[in-house]
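Each structure below is given as structure tokens.
The following pair of complexes shares a single chain, chain A, combined with chain B in the former and chain C in the latter.
Then we have the complex of A and B:
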């Protein structure tokens, strides 16, 4: 049985400027010990999805509007707040993007670690202290017993992220959510922290959801990847499948907008034109249509469901044999995805409905 | 409120090597006006504490035969309308100002702190209701409110403290609420929630200590205004109930009628009020500058 089952999760924010359609029906599964990458550009709903899992959406604006989240047999959407609090930190832990601001500046490392341990376990301060030293040693902080009484500002960014990882692992959670854990760190430190995270979660058998906008980060870290766009999962596959055969125009676009060192001949970078849709509007049609080079007329009106590429394949939603699924009416062929653009003779992206046929550069105003 | 204030300063003081508080203290000492303010405060507090020791006479001792003496060797600051030594009475007056001022500010801190903490920590409808009450308090001029409270509760030292405290509740309530609201969205508060810390614990342990810096600064500044308020209320005849009590405002109002024949009876208590108020103001401004991380040099 899956550790985590998310079905049709819908999250909206009610603000003064109207409703924000942040997450629009996301479904995925996670096995115990599995690592899953959640990839997409800023604002695509990857962080909101995970805050919703933890029920830490900013109040009062953020709401889970629909769907179910089942964790270890518990329904997280309807769980009482007190039970949810019991779960946080103990069963599901989180690591945040910016280690410079995620530790309380007025409390020592020891106070914050002991607090985490004692929040869920009845231990004496002394036992908690011993455990804290052990954890700091595990994440590679030299002489942990002398650093324990330091304040966060006496640590570097990489050290602080190590402390955050130690705190997150303190209670051996079943699931760890790491939200852009290395974005705020120096490039030289990023790899170390990722390796540490990978090793410790593997050793403890902790499932990991790694949120990132950096495909390079997930490539070496995760077994499976969900690519998100505008609050939808547009492609899901094992990491190997995704990089071998990217099949959604957005994923193709993402891969073509980063330079690769392992190509034998230099490839042209193909940027994705335009900007992500305004999420203050209810989604109509495929969210990626306005920026897509492969779009058909139907893309403007009908949002394709997430379905297996091989229609005859048996659907496996998690684990190493997960089925490669995409949400696309007109997926690029293998050659096209290698080239990064449509190669079909005479193909032009469908113009937005109601516009002149020659107008090939649709804008959001036209969409509205 | 005073207890948590101390416990907050304590961990700050232990971050010895290059801590925020040590930096702040260093900047404070480099700030010349703040040092001048500290000198004023030290003189003021020393006068209050040491009055019974250093005062040449008793605060009530004096005969009518000695009245209206200008400053001379026996009476350094002269004598008042009852022949009492003016210097002695100014020293004893510092006791009233310090005692009433400090207790009133602490009371305001506690009341305003609780209102602000509940409003900023709980939010929602409770926040809206509490802030409207605070708005009402703010709409009434402070001195009028204090006069009203003393009129309602009768004269007395405790009433005087309460009256002054109530006028400063809105300042602390708003300040603390504002800081807490900003902190509620901070990463480490979300991080504390993500480890399953309770709401109360997050508020008391994670948010309050981080919200106290501006409160400490404004408490110092409020103390300066409170000292002026005490004198003002004393001048209006709403000071300590015993008319013989040495209190700067009361001394001013008594001396007012004899301004032409004994002007020193107005100068010296006035000077005492100015020195103590300026002292707290200068230190308050210095604290604000030295605790502001943006000004770190």
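Then we have the complex of A and C:
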């Protein structure tokens, strides 16, 4: 049985300036011990999805307006707040992007770690301290006995993120959510932290959801990937399948937007035109249509569902044999996916229908 | 070289022929110098130190943060030099010193044959017209109270170029050059997306027809799908306007894509300088190798084959850099060689190891063809796609340029 089952999750923010359509019906599963990457650009709903799972949406604007989340048999959407508190940290732990803002600057590391441990376990302060030292040693902090009494500002960025990982692992959670855990770090420090995260979650059998915008990071870290755009999952596959045969125009676009370090000669970059969508309007049609080079007239009006690429395939939603699914009316062929642009004779992306006023359509970069 | 040099004012100070090489240089920048192309910027032994003081009324000088501590390089006309390194390595300070946003503590910077250190006031302003900067954050580098047109046209106002009407014309022209709708001149920065704002920053830099553009992390604050738009724009403009770029970034894969040559910095020094291709295929400095190995590649097949070199600890403080080689505290090669004395006692100079390839390491020859180098570069995969794990050294010699062969130490 799946550890986590998210079905048709809808999250909206009701603000004075109108409603923000942050997550628009997201479904996915996670097996115990599985690692899942959530990839997308800022505003695609990847972080909001996970804040919703943890029921940590900013109040009062953020609401779960539909769908179910079941974790280990519990319905997280309707769970009373006191039970939810019990769950956070103990069953589901979270690591945020910026370790400076997620640690309390006026408390020592010891106070914060002991507090975390004692909040969920009946232990004496002494036992909790021993456990804290053990954890700090595990994440590679030199001289943990003395460093325990340091304040967060006395640690470097990489060290702070290690402390965060130590705290997240303190209660041996079943699921760890890491939201851009290395984005604020330098690349050599990123390598240290990712290595640590991979080793510890593998050793403990912790399931991991890794949220990132960096396709390189998920390539080496996860077993399965959901690509998100404008609050929808537009492509989902095992990591191997996704990189072997990227099939949604957005995924293809992302892969052609970044230069690869190992390319033998510099490849021309094929940017995705236009800008990310304004999520203050209710989604009509495919969310990616205004920027898509493959769009058909139908893309402006009908949002395609997430379906298996191979129509005859048996649908497997999690684990190593998960089915490769995309939400697209007009997927790129293999050759087009390699080239990064449509190769069909005389193909022109469909212009917006007259009824849709689309000021988001690419007004810029007519020259490229 | 044909630079679109316009104003008569600029010509007065820069009439020195660009090719005139300035008197005998320090060992660092010597070697197979850029004799073929004219040198636009010549940086020698540049140091930028920031004083650390104690006390409030009587500020006692107690030390210095040695942000840049002896950097030498040449920038040829029309080329792109990438400057990479981690935060705090001094790459931005170097770029800012060239534009004279930070005054150099020591060393010289000559721009088109003119030593910038000796300039002040109006002379400095005139020569600054020929160098412009693009900043990292398009949210904080644009004045929110000015319109896009006002921002792009401000350099023209400052340097009093053209009539009011001509300036307006020029602004509209610049907007369309960078791919913005010229009718947006009356809009304010908040009405633009991040990528569009960065285009405004680029248009502003282009306004005065500069020779040199220092781009300090121009794409780091942008979304992935937008980054490629700006990279392509910068590449196109370079060809169109014969620009020289100093491209500062922490992301080696981006720098490699756009640069002709790359300088890798660590703790205020350049540790390796080579052509973009050589640096990525045959890195000689242990730090460069570690940096390359740390960058994730968006391909699980390649990723599973690579092995990272995990550097221990953090970058030491630039206020008290380690003795000898600054990298010795974290160096994997030093450890592998059994901690030789030289690394701690002798500060390695930048030396030529192959044609156009300089490195500051006593034992750079030991890096060549080491398993670490092969794994970091993924070179094994290029020639022997079927062999995962450690690749035999013999399998990877095919693409090596002949002059890069190095004698054993």
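Definition applied: the second predicted complex is superposed on the first by the 352 of 368 C-alpha atoms of A that agree within 3 Å, B and C clash if a C-alpha of one lies under 4 Å from a C-alpha of the other, contacts with A are read in each partner's own complex, and residues count from 1 in each chain.
The rule is short, and it goes like this: contacts are C-beta pairs under 8 Å (C-beta built on N, C-alpha and C of every residue); 3 or more make two chains touch, one makes a residue touch a chain.
If you're wondering where the values come from, they're calculated on a predicted model, not measured in any experiment.
Visitor: Looking at the overlay on chain A, is there a clash between chain B and chain C, or do the two fit?
Guide: In the arrangement built by aligning on chain A, the partners chain C and chain B fit side by side.
Visitor: Determine, for the superposed model, which of the two partners chain B and chain C contacts more residues of chain A.
Guide: In the superposed model, C touches more residues of chain A.
Visitor: Using C-alpha centres in the superposed arrangement, which angle lies between chain B and chain C as seen from chain A, in steps of 10 degrees?
Guide: So the C-alpha centres give an angle of 80 degrees.
Visitor: Between chain B (first) and chain C (second), which does A:58 come into contact with in this model arrangement: first, second, both, or neither?
Guide: Touch partner of A:58: chain B, not chain C.
Visitor: Quick check on the superposed pair: does A:129 touch chain B, chain C, both, or neither? Answer first, second, both or neither.
Guide: A:129 sits against neither chain B nor chain C.
Visitor: Who does A:341 touch here: chain B (first), chain C (second), both, or neither?
Guide: Neither partner.
Visitor: Now for A:191: first (chain B), second (chain C), both, or neither, which partner does it touch?
Guide: Touch partner of A:191: chain C, not chain B.
Visitor: Between chain B (first) and chain C (second), which, if any, makes contact with A:158: first, second, both or neither?
Guide: Second partner only.
Visitor: Applying the document's definition of touch, where does A:108 land relative to chain B and chain C: first, second, both, or neither?
Guide: In the superposition, A:108 touches chain B alone.
Visitor: Using the superposition on chain A described above, determine whether A:94 touches chain B (first), chain C (second), both, or neither.
Guide: A:94 sits against chain B, while chain C stays out of touch.
Visitor: Please give the least Cα distance, whole angstrom, that chain B and chain C reach in the superposed model.
Guide: 5
Visitor: Please report the chain A residues shared by its interface with chain B and its interface with chain C.
Guide: none
Visitor: Would you tell me which residues of chain A are touching chain C in their complex?
Guide: So the residues of chain A in touch with chain C come to 41-42, 156, 158-159, 186-192, 194-195, 213-217, 219-220, 239-240, 243-244, 253-262, 264, 266, 269-273, 275-276, 291, 363-368.
Visitor: Quick check on the complex: what are the chain C residues that touch chain A?
Guide: 86-87, 179-181, 193, 195-196, 199, 223-229, 231-232, 236, 250-254, 256-257, 280, 290-304, 308, 310-311, 314-315, 377-378, 381-382
Visitor: Using the touch rule from the top, collect the residues of chain B that touch chain A in their complex.
Guide: 8, 11-12, 15, 17-20, 124, 185-188, 190-198, 201, 205-206, 209-210
Visitor: Okay, in this complex, where on chain A does chain B touch?
Guide: 54, 56, 58, 60, 85-90, 93-94, 96-98, 101-108, 115-116, 119-120, 151, 153-154, 164, 167
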